[in-house]
Amino acid sequence: MAALHLISRSPADSRALEQCLARAGEGDAVLLIEDGVYAAAEGSGSGEILRAATGRVMVYVLMPDLEARGLDIGSPCLRAAGANNSPPSPAPALHPVDYRGFVNLTASHRPVVSWF
Amino acid sequence: MGKKFLFILRRSPQQGARVRETLDMLLTVAAFDQPVMLLFLDDGVYQIKRGQSPESVGLPAVAPTFEALALYDVEAVLVERESLAERGLTESDLVIPAEAIARAEIAALVADQDVVVTG
Amino acid sequence: MERFFSSMKYAIQINSAPVQSQSVHSAQQFIKAALAEGHEIIRVFFYHDGIYNGFAVDAAWPALARQHGLDLVLCVSAAERRGMAAGASAELAEGFRFGGLAQWVDAALKADRTLVFGG
Amino acid sequence: MLDVEGRTLETTADGFLVDPANWDEQVAAVLAAGIPIELTEAHWEIIRFIRAYYLRFHHLPNNRMFVKAVQKEFGAEKGNSRYLHRLFPESPVKYACLIGGLPKPPGCI
């Protein structure tokens, strides 16, 4: 079965997301929770890493945690990371989930790996 | 009802009781005769680096505790080759024998587990 | 609403203190959502600094335990290491009990999934 | 405090020796008498084992690990909880550590 990776640390103080994606397998899922959702924010510097993973892994964002931080999934930040290129790189696909979606992801993946 | 357990250590030593407690968890799983693997990734490879002397600054030594793995029949001790290389280390710098595996092999290893604990 | 997955059994491990990070809250939200989906929480095992949950004034765990009959187990050796175990059973928050690492292994063996919250 | 032939050794509230380096077989005999356990060669074998284990690995096992470790060292006829409980009632690892002059092992209230 494919694994679900949980990222709960901000990319500014942990390389967990990057280090996780370096090992995640084809078809694995990554879920950003808690401060991990900052990877989706402007200036986080994670846009490139996430873009590189697109197609190989599915990246989900826990919406309650994103919204609690005043962010939203359509924020232009991820596009901005590739702004020097022309045409602009497409934003990596981030899939929104709520807690119910989180639970469903844990049911459809095994094992669940928390990266700190 | 057997399960496959993998413990991944990614932190450097001297992070309080944390690694020690994670190791206790692993050894308890082994004492229940469940298949258990240990993988050192990233700064975790420093856990088993030779020549540490934490006692000199009053900190407990963790590296000797890894030598107990063999006593509990934990034979699957793995270390990521790239994590070692990025830190200028080789397998001969380690206090216990660990099988080097490539970064590219880790996804398949993880996917094969039931329970993964990172510490 | 149609459910895509049959009922699952979860073992939950909590590693952080209640005031330390959002993790404890995340775990509680996850547990509520899982129960609402008809899944089962076999046990919540508090390890590392997670043991402080058993001594917190926060009423969220006692309320969850009461409503859903959750088994909340504080690791006795982690509590001892932090000076929180000896004769302290009487001071435990409602719904908690002390247990050994064997309780974690037992839950992980019975569960379909084991999740770890709190770095 | 523990008095052993004129020496006064510091102990914890639970009766464990504070400094494992102060331990010798006379100290062990006094510690065992306080439980009380009458030491036989079978006890000594286990006590010497757990001391060597602690000094080598800087680690103390819980009960479950202890049984497994003894099993690996001495075989299944000794590495089982019945045998160990006969020697050290209640908690084998706790009393083996106590008599061996080691700190209190994890997981015993």
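Letters A, B, C and D mark the chains in the order given here, with residues in each chain numbered from 1 onward.
Just so we're on the same page, a residue touches a chain if its C-beta (ideal position, glycine included) is under 8 Å from a C-beta of that chain, and two chains touch if they have at least 3 such contacts.
Keep in mind that this is a model prediction, so the values were computed, not measured.
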Intercentroid distance (Cα basis), chain B paired with chain A, Å: 27
Chain C and chain D, separation of their C-alpha mean positions in angstrom: 33
Gap in Å, rounded to a whole number, between the CA centres of chain C and chain B: 25
For chain B, residues contacting two or more additional chains: 24, 28, 32, 114-115, 118
Shared-contact residues (touching 2 or more other chains) in chain D: 62, 64, 106
Junction residues of chain C, two or more chains touched: 77, 81, 100-102, 114, 116
Chain contact graph, described as a line, ring, star, complete graph or other shape: other
Listing of all chain pairs that touch each other, if any do: A-B, A-C, B-C, B-D, C-D
Contact set on chain D toward chain B in their complex: 53, 56-59, 61-62, 64-65, 67-69, 72-73, 106
Chain D contact footprint on chain B (complex, rising order): 20, 23-24, 27-28, 30-33, 60-62, 64-65, 67-68, 71-73
Residue numbers on chain C that touch chain B, as the complex places them: 13, 47-48, 77-78, 81, 100-102, 104-105, 108-110, 114, 116
Touching residues (chain side chain A, partner chain C) in the complex: 6, 8-9, 33-35, 64-65, 98-100, 102-104, 106-108, 110-112, 114, 116
Residues of chain B defined as touching chain C within the complex: 1-3, 5, 17-18, 21, 24-25, 28-29, 32, 34, 114-115, 117-118
